[in-house]
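Common to both upcoming complexes is subunit A, partnered first by subunit B, then by subunit C.
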Partner chain A sequence: MALFGSGRDANFVRLINKELINRVVDIEIEYYQLATPLTPENLYGESTEKIFYQPVRIPCLIDRAEVTATSDEGGINFTRTSIFAFLLDTLKEKSIVATAGDYIKWDSSYYEIDNIQLNQYWGGKNPDTYPGNVFNETNEFGYNISLIAETHKTRIDRLNIEQTRIGINNNYYMPKNL
Partner chain B sequence: MAVNISVWPGSSSFFPGDTVFGYYDYDFDFQTDADATAKWCAQRLGYPIQEVELQPNHFYMAFEEAVTEFGNQVNMYSARDSFMNVLGSSTSLNLTNRVVSANFNGVLHLSKEYGSLVDTGGSLTLYTGSINVQSGRAVYDITDTSRVYFETGSVANDAITVKRFFHDNPPAVARYFDPYLGSGTNTQLMLNSFGWGNYSPGVSFMMLPMYADVLRFQAIELNDMIRKSSYGFEFSKNRLRIWPVPTMDFTIFFHYHLNSERDNPLRTPSGSISDLSNIPYSNMSYENINDIGRQWIRKYALALSKEMLGQVRGKYSSVPIPNSEITLNGADLLSQAQTEKDALLTELKEMLDSFSRQSQLERKDAESTSLQSQMIKIPLKIYTA
Partner chain C sequence: MAKSRFKKTQSTWSPDPIESRAFQVRRDNDKVSYRGVRLYDVDYAVYAHIKNYLALPIAQNNTTIEIPVGFANGEHWSQIQAHGYMRDSGGMLMAPLIMINRTGFQTRDDVPQLDVSRSPDNVPGAGGGSSIILKKAYTSANRYDRFNITNNKKPSQEFYALATPEYIEVSYDILIWTEYQEQMNGLVEQFQFHDGFAWGDTYKFPCNLDGVSFNIINAPGEDRLVRATIPVRAKAAISVPFEDFRSAIDKRISVKRVVFGDEQISFDTPNNPNDQITNTGDSFKKLL
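The block that comes next holds the complex of A and B.
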């Protein structure tokens, strides 16, 4: 049985994280979780438009790269990769099961999640899978801290969440596909 | 199931048993101040802007320790001041918050040992022994069990220190009326000539000046010194030689101490105050501590709380956060706490030093000197006729 990294210590780390991320830093994003059951798919299992659940505001830490511009025959593309780091406890509290393909709105931009990292274990142990915990042989040890979402900025008009081209018929301006 | 341990919730409600030792738990003032101090400390540590990773019991514990530390320091200084006055007194006394009279107990305690050695009192018992002297024999062994008797102790086994032998010339007054003395008084003849010689004792009718008696004593003693063998003795180790060689059997008495009693360092009965560890000072009643003391206690409780918080935040040098890690201010808190504790203790010790009897007397002396120097400058009235 380990001496350090017990449930008590993990509780302390959790408290510090919650205070830091929820109260001190307090950068909130809107998380758009893909509503897979509601998204229609075609003959080939593809969907032409995506349906999302109502966005959920979640505090997180953001590591954003510089904006890069590429040009091709279609014109100039601006893109940017960003890493959104969530406290896993917060996601659990809000019943969010993050997956690749979900979207994050931050700073008026949408980021599509490309990859999810779930391997930041304090003390090297994930209490959900650590055998001592699972089989109730020891007290709780370790702490699964975060969910890291690697994303890239995406075009708003691909999402059908916001009306991006506004004509003269302002009465129809409303969010779509929610 | 994750362990969920709450931290400072913003307020608390003290209940007896919430402290570790429970010295003051039933003191109403302590109960009231415990919650107020806890709140004050938490807010001084950043709450509610920041979480304070301590629980109410931590603050209560710091508060209790601060009260105890304050009482301990005050008691130690009182003990230092009064030690000589209470040395050897019963440990069943309670000197806490009591004025200890400035008596001579300690001085007398030391003086007794000197007095014991020179037979002017002291704490040693002076016993009486005797030697049966045999006619014609001048040398005796003090350990001879057939001749020597001790009031207390064993002649054969106990070492003694002889303080005095009673072997002196018979006192002159015993032979004041010795008809064979040869010093002559002439009073009997004179009384006979008046016809009072048949009354007995005839000298009852004589009124002589005091110097006549003194002169007669001196004459007897001078006569003994010149014409008779001098009384004396020589005592070496266990061997006693007496002069003059006895012409009859008699008993010589002597005074002695038992060496075992003289050398016994534990003559004071058990249960007596001997050192700092058993001077009967106990924890103070919180309700008796004034506001000066209470403010010190609050500050010290804060320093202790800061120290505990520093320990909590400093257990792990860095704490992971999503995709990164941070360093908490545990080391800073510990350093600050140590500095504050040292400063508070130094302040209290200096204050207590200034309250010692010696310091107070020096202050009064300085006051008196200053007052005199002021008064001396006030012009005296000049009366003119």
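The block that comes next holds the complex of A and C.
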């Protein structure tokens, strides 16, 4: 049995992280989960009428990459990858099971989750799988800190959430023929 | 003093060809112009046909979307600013989209090149080569004149000779990009029905499809791509308004008066067929 990294120590780290992310940094995103039982799927594994659950606001840390321009026959395209880091405890409180294929809205853009990383264990131990914890041989050890979602910016039009082809853009009103 | 004229401006070894004055017809007194049938017209025909008949509106995101059609690889300002409606607020291209990419053209084998014997400097105006002759319905020189009738003058005809067009086959790749494969099916089916049709609105060119290839990629870190490429061959006849720095259309006036005269040629024939004719210079004599 290790001397350090017990449940009490983990609680200390948990509180500091929670205060830092939820109250100090306080960047919130909207988390969209597909309502898979309600979303019709066609033969090709796609849906033209996606249905989402109500979005949930979650505080997180964001590591956003620069916008990159790519070009092919279709024309110039702009894309961006971003990493969203959540406290796993916060997700549990909000009853969210994050998986690849969910969407995150931040800064009026939507990001599709490509990959989920769950490997930040305090003291190197995951309390859910640590044998001492599982078989009740020891007190709780370790702490599964975070869930890191690797995402890419996705086209809004395919989500069936917002209308992108109608409306006016008042923010960019400029006199013409200058 | 007469102006000296260089006689070998085109080649060191041979004198410049002397143009027939019959083809030196003034063009400042007619308004006949010729813009030709150019590659642009073939491109536009393919574009217009896809835009008008093949880019069917599709339902997406609770709206009906007209599919934008355009040529691939435009300038940046055109793609981003002029066609900004094709992008969302983040600048990302939105599907569906149809892009046309001209990949090349080659001479058609199924149509003979009618002007194959023409040398580069032998444009229709200079005579030779094959050309298309068009007769103008009205000629101002033939307007009613009492003098012409009383003198039994034959009205002259005005013709315009066009260079024979080049028969080519222009190749295109039609790139169709949709959000869903279900949408792609509907679009590709439409193309198949128009295989072999004459595509275009003003000028029409028969177009054939060379099969459809699908490209569906779902790589991590990128949005799912549903694309199809349709190679199209347009059979076209192009003719340009200028060939070899000369106008490809040439004005010609019919012969107005033909005068027949007597012409006799006499020459001495040897009495003995075995005799050799040694000096033909004196023995031939032209009599008018």
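Note that in this section the second predicted complex is superposed on the first by the 161 of 178 C-alpha atoms of A that agree within 3 Å, B and C clash if a C-alpha of one lies under 4 Å from a C-alpha of the other, contacts with A are read in each partner's own complex, and residues count from 1 in each chain.
Just so it is clear, contacts are C-beta pairs under 8 Å (C-beta built on N, C-alpha and C of every residue); 3 or more make two chains touch, one makes a residue touch a chain.
In this text the structure is predicted, and so the values were computed from the model without any measurement.
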Clash or fit, subunit B versus subunit C on superposed subunit A: fit
Which of subunit B and subunit C A:Asn11 touches, first, second, both or neither: first
Which superposed partner A:Ile21 touches (first subunit B, second subunit C, both, neither): first
Subunit B versus subunit C as contact partner of A:Thr129, first or second or both or neither: neither
Subunit B versus subunit C as contact partner of A:Asn77, first or second or both or neither: second
Which of subunit B and subunit C A:Thr68 touches, first, second, both or neither: neither
Partner chain in contact with A:Asp114 - subunit B first, subunit C second, else both or neither: second
Contacts of A:Arg158 with subunit B and subunit C, given as first, second, both or neither: second
Where subunit B and subunit C come nearest after superposition, their Cα distance in Å: 19
Contacts on subunit A seen with subunit B and repeated with subunit C across the two complexes: none
Contacting residues of subunit A [partner subunit C, same complex]: 42, 44, 46, 48, 67, 71, 73-81, 108-109, 112, 114-115, 150, 152-160, 163-166
Contacting residues of subunit B [partner subunit A, same complex]: 1-5, 7, 50-51, 53, 312, 315-316, 319-324, 326, 328
Partner subunit A, residues of subunit C touching it in the complex: 59-63, 65, 72-74, 76, 79-80, 85-86, 88-95, 97, 99, 101, 173, 175, 177, 179-183, 220-224
Subunit B partner contacts - residues on subunit A that touch it in the complex: 6-17, 19-21, 23, 60-61, 63, 83, 85-87, 120, 122, 127, 139-140, 145-148
